[in-house]
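Look for subunit A in each of the two complexes below; its partner is subunit B in the first and subunit C in the second.
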Partner chain A sequence: MMKLLDISKKYGEITHKYPFEPYKVAENFRGKPAYIYDLCIGCAACGVACPSNAITVQLNENKSKLIWEFDCGRCIFCGRCDEVCPTGAIKLSEEFELAVKFDKSAMIQRGELEVQCCSECGKPFSAKRLVKYSLECLSKANLGEKRLEEAKSYVSVCPTCKKTATVANFTAGKEMVIE
Partner chain B sequence: MKTYEVPQNIQDANDLEQKLELLKHIGRSFSVYRIDCGSCNGCEIEIFAAITPLWDPERFGFKLVANPRHADILLCTGPVTRQMYYPLLRAYEATPDPKIVVALGACGATGGIFYDAYSVLSGIDKIIPVDVYIPGCPPHPASIIYGLTTALGVMDQRLQKTSFEHDNEMPPAVEDSVLGNTLFERDLLVHSKRLMSYIFGRKLYDKYLAALVKSGNIKDTKATKAAITEAMKKEDDPRYAECLGILHNEIYTQYVPCQEEDKISLHRVKWGR
Partner chain C sequence: MKCDKFIEALGQRVKILEVTRQYEDQVTALVELNDLPEAVRFLYYDMGGYLSTMIPNDERSINKHYALYYALSMEGGKMFEGDEIAQDEKCFVTVKVLISPESLVFPSVTPLVPACVWYEREAYDMFGLIAEGLPDKRRLVLSDDWPDNLFPLRKDAMDYRYRPDMKEHYMEPEYDFLRPEGSGIIDVPLGPLHITADEPGHFRLYCDGDTIIDADYRLFYQHRGMEKLAENRMNYDQMGYLAERVCGICGYAHAIACIEAAEKAINLEIPARAQAIRIVCSEIERLHSHLLNIGLACEVTGNYNAFMHIFRIREYSMKLAELVTGGRKTYGNVVMGGLRRDMTGHEIKESLRILHIIETQVEEVWDAVMDDQRQMKRWKGVGILDKQVARDFSPVGPNIRGSGIKRDTRYDHPYDFFKQVKFDVAVVEGGDVFAREMVRYMELKSSVSIIRQCFELMPQTAIIVDPKFHVKPENYSLAYVEAPRGENVHWIMQGSAQKVYRWRCRAATYNNWPSLRFQFRGNTIADAALIVCSLDPCYSCTERVTVVDVRSKKSKILTHNDLKAFSQTLKNSPMKDLK
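Moving on to the complex of A and B:
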């Protein structure tokens, strides 16, 4: 017994004081992904990369808004959203105090973005911020004047209309369509 | 599949008032029974890390017990496989009322990465009523301690539902390039992420650009070579040092016309300490 007391005296107290004093997690700890709404462009790269579909990027029911939604309960903290985000809108933080009582919806985080409608068919296909961001990136990438003008017209066309336009360019309009 | 309906007598004995009453009388003695409902054992490892002297939850009176009949708190992990469905129900019914159910880990809270798999019921709360959710894959021991103390009302809940609705339609500003061509920065970032993964890759990218700007004239190949070599020699971590050289040889030379002697010969520079 005395030997045990001697040993514990030698090594001191190692227990963390955690709930009574803040705890500092290790460097590069993967905590809750922190979302910065002002930087988000709604490109949905995080939604595609997320292996457990904790992040979803979808149009709402009447297709007037693009909804970015994150469910912390389903997140597996792999950091792929952080890896793919082009603007740094989502970064893993050091937050680890995530427990919630009774109501599961407290773990949900969402952001609504305005949608861009296609200039040809009028259907919504992307976020307005993404279109503006792409144009801004292109304007700083050493492109010619003519090329930029061209870009301005095609960034607001949806993928389906782009495809039909390309097909119309390459064909004479007389070819047989294989369904 | 028809899932479990909580019997009326258990429901009556488990309302919020009775749970608060229990917390008032129980003092500092909580028996926790742990049920593994088909988890990957990551959560179990973290639970055992959390009950070591390093975290010592017996400060608050938490004690793991080996029988649900002795327990006050049920700590459930895993996405509930079909095999573990009935054992979970047996443990739930055997626990004396009022009982507190804690769903631990991403799988326990919502099903996690298995949420749409065919063989699981995805989450404890699909079957029995859950009081506290502790997300994390697996949760840090500190998160577990935090979750259990939140269950007792010692600490407050930090996480709240947040929703951003007012879109100003302003995208983030694009930074100007140091070379006058943003494609240089793009290639640099992509290559540094390829070399050192995303966290260290970003640090490498910052280090490289800082060293490049320090050289004074960015388009002068001699000055930049000297500046990067200097940065490599000063760098403590040999991984960063070598990757700085690789970035200079492979990306910078594509954007600024360079001779063969303007490249850094990596095996001649001595880096690190």
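Moving on to the complex of A and C:
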């Protein structure tokens, strides 16, 4: 019994002053994923990787905007979104104070991105930034001038139209020539 | 090869229809339905097996039958010195039977091997398979108002999102507690809800005066249906994260067990460095879990001073987890094929520093606790788990090691890096709370040494192999991990399209519960919470007491405030209108 009191004396006060002074977390702490809107291209890699469906990327109701949405209440802080993001738009931060007062919608973070409409059918299929990003990547990929021009028209066609075009070409006996 | 000896011996007893090998140390023998009890009993008692898990499975789409798998860990009875199977012959033997969907009946093994009781009760709840001859046929997992003919784990039973209508509180059927005969026996319920208990469980203690004569309990208030969830919509990437959330304390052990079951089913070997770091993380988990439990064992007996000191040290182990995995709990690290996060030299150096602090300070506080005679008197001789009861019910972890049985998965079936690490299995004779806490203290020390050895021995390899694997439908395998509370066993049968067909997750405490009844007997009500705590599952307090007078058949519920008011003023006894 007395021994325990001696131990108390030896180590003194060990509690942190938190919340009156900040609590320092470890260097590689996995806190709340921080979202940088300006870097997001709407590729939905994070949404696919997220095991708990905390991140969703989908078109809004009238299909005018691509909505990136993060529900902190569902997040398990595994950091898979951080791993897969090609532009570093989502990174785990050191933030761990996530409580909200009564209003659960405060846990939801949202980003609206401009949609790219298909040049063939006119339906929205992706984000404008993603198309721009793909072109940027291609232009750095050491392609020929002509090929790049082709790609420019190609990237703004939606997957459905690409499929129908391929099928139409194929059944008509046209060969696709890639130079 | 391993296991052949046991299969041969079993073959002389009963007729074996088919033998299949899942892994180096895992073999399944298909036997006739009527031979099932004898086959399991023979392996359990005559060949020295312990029941690891039992898996009922709906295989109607595969072979038009239901199947039962009794997985036995063959390691020797361990009841006396030398009663143990040679280290290189230890293995898992699974006894499989097929049950026709028309009859749904199988002969119960429980009368011969008591350890099967919970598994066979669960088989009825989940699949509607009836164990003929099972002495205790009450519900186990599902709530009492669950519809009678709905068996959730049957493949055609229900969508995983379906929730049957709840009955109104007063309409709910009464759970039939096993009540001992005799006059003057008082029921004392503990639980099911208490703010400080991490799991709700309802314990019905039958007391004569202050002494507990017998006890019965109802658990699974928090049954979450994870197995159903995983079968329906998860892929292997998500499953590891779901498995982690089985438990708030030993989550990492569940993640490893689950992922390794999937890896073993396709014979995937992970890099040595990943193996070592998996061990490091699971040992960190053991550090904080054992510190938590020793702390709580002090707290339940009123020793708050020691409790605070132990939790102060526990904070270092949480720091260690934060350093190694990036979160205060060791979550989100395991994926199929290896790990997601490596350790840098700096992190290892810092970890060693923290380990040193933990090691010295734990010793200091433990010495002080051991010197405290009042504390020792509360621990010694309380909640004794008899060695023979332990043999019959296959408990795991510190619970069985405190009864002098040397059973540790890390030692019996070394997995991952444990083949290269040296450590002593902590075994203490006595079977009381003190013995169990002593085991935990000894394991704290061995954990520290295991982590150090891992740091020293781990090679510089990759931490993940390219996950180019093809799952083979209908392959199944067993994985086992020694979690802080004992052996966790996961069984996975793979389905098509990267999904699981059946996932059976058996947490350590599942095997520890059935023998708790014997541990209660003969102790006082004041020790009930301590006994439950020493199992390391959850503990409950007498926040709300129902007093039943057996003679006048009246009952009254006393609230915490009633009791408090009465004990402060000693006026207006809440018992008086009962008399």
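Keep in mind that, in the parts below, the second predicted complex is superposed on the first by the 167 of 179 C-alpha atoms of A that agree within 3 Å, B and C clash if a C-alpha of one lies under 4 Å from a C-alpha of the other, contacts with A are read in each partner's own complex, and residues count from 1 in each chain.
One rule holds for everything that comes next: a residue touches a chain if its C-beta (ideal position, glycine included) is under 8 Å from a C-beta of that chain, and two chains touch if they have at least 3 such contacts.
What you see is a predicted model; the values in this text were computed from it and never measured.
Novice: Go through the superposed model and pick first if A:Pro19 touches only subunit B, second if only subunit C, both, or neither.
Specialist: first
Novice: Counting only touches as set out at the top, which of subunit B and subunit C does A:Leu59 meet: first, second, both, neither?
Specialist: After superposing on A, A:Leu59 lies clear of both subunit B and subunit C.
Novice: Is A:Gly79 touching anything from subunit B or subunit C once the two structures are fitted on A? First, second, both or neither.
Specialist: both
Novice: Which partner chains sit in contact with A:Asn28 here, subunit B, subunit C, both or neither? Use first/second/both/neither.
Specialist: After superposing on A, A:Asn28 lies in contact with both subunit B and subunit C.
Novice: Of the partners subunit B and subunit C, which touch A:Pro51 in the superposed model: first, second, both, neither?
Specialist: both
Novice: After superposition on the shared chain, which partner residues are touched by A:Val100: those of subunit B (first), subunit C (second), both, or neither?
Specialist: Once the two structures are laid over each other on A, A:Val100 reaches subunit B alone.
Novice: If we overlay the two complexes on their shared chain A, which of subunit B and subunit C does A:Leu113 touch? Say first, second, both or neither.
Specialist: first
Novice: Classify the contacts of A:Tyr133 with the two partner chains as first (subunit B alone), second (subunit C alone), both, or neither.
Specialist: Once the two structures are laid over each other on A, A:Tyr133 reaches subunit B alone.
Novice: Who wins on subunit A residues touched, subunit B or subunit C?
Specialist: It is B that touches the greater number of subunit A residues.
Novice: Intersection of subunit A residues contacting subunit B with those contacting subunit C?
Specialist: 14, 25, 28-29, 51-52, 76-79, 83
Novice: Hey, which residues of subunit C end up touching subunit A in the complex?
Specialist: Contact set of subunit C toward subunit A: 237-238, 241, 245, 305-306, 309, 312, 319, 322-323, 325-327, 331-332, 340, 364-365, 367-369, 371-372, 374.
Novice: What part of subunit B is in contact with subunit A in the complex they form?
Specialist: Interface residues on the subunit B side: 53-56, 59-60, 106, 109-113, 115-116, 125, 131-137, 139-140, 142-143, 145-147, 149-151, 154-155, 157-165, 167-174, 176-177, 180-183, 193, 198-199.
Novice: Could you pull out which subunit A residues touch subunit C in their complex?
Specialist: Residue list for subunit A touching subunit C: 1, 3-8, 11, 14, 25-26, 28-30, 51-52, 76-79, 83, 92.
Novice: Mind listing the subunit A positions that touch subunit B in their complex?
Specialist: It is residues 14-16, 18-19, 23, 25, 28-29, 32, 37-39, 41, 51-53, 65, 71-79, 82-83, 87, 89, 95-102, 104-114, 128-130, 132-133, 136-137, 140-142 of subunit A that touch subunit B.
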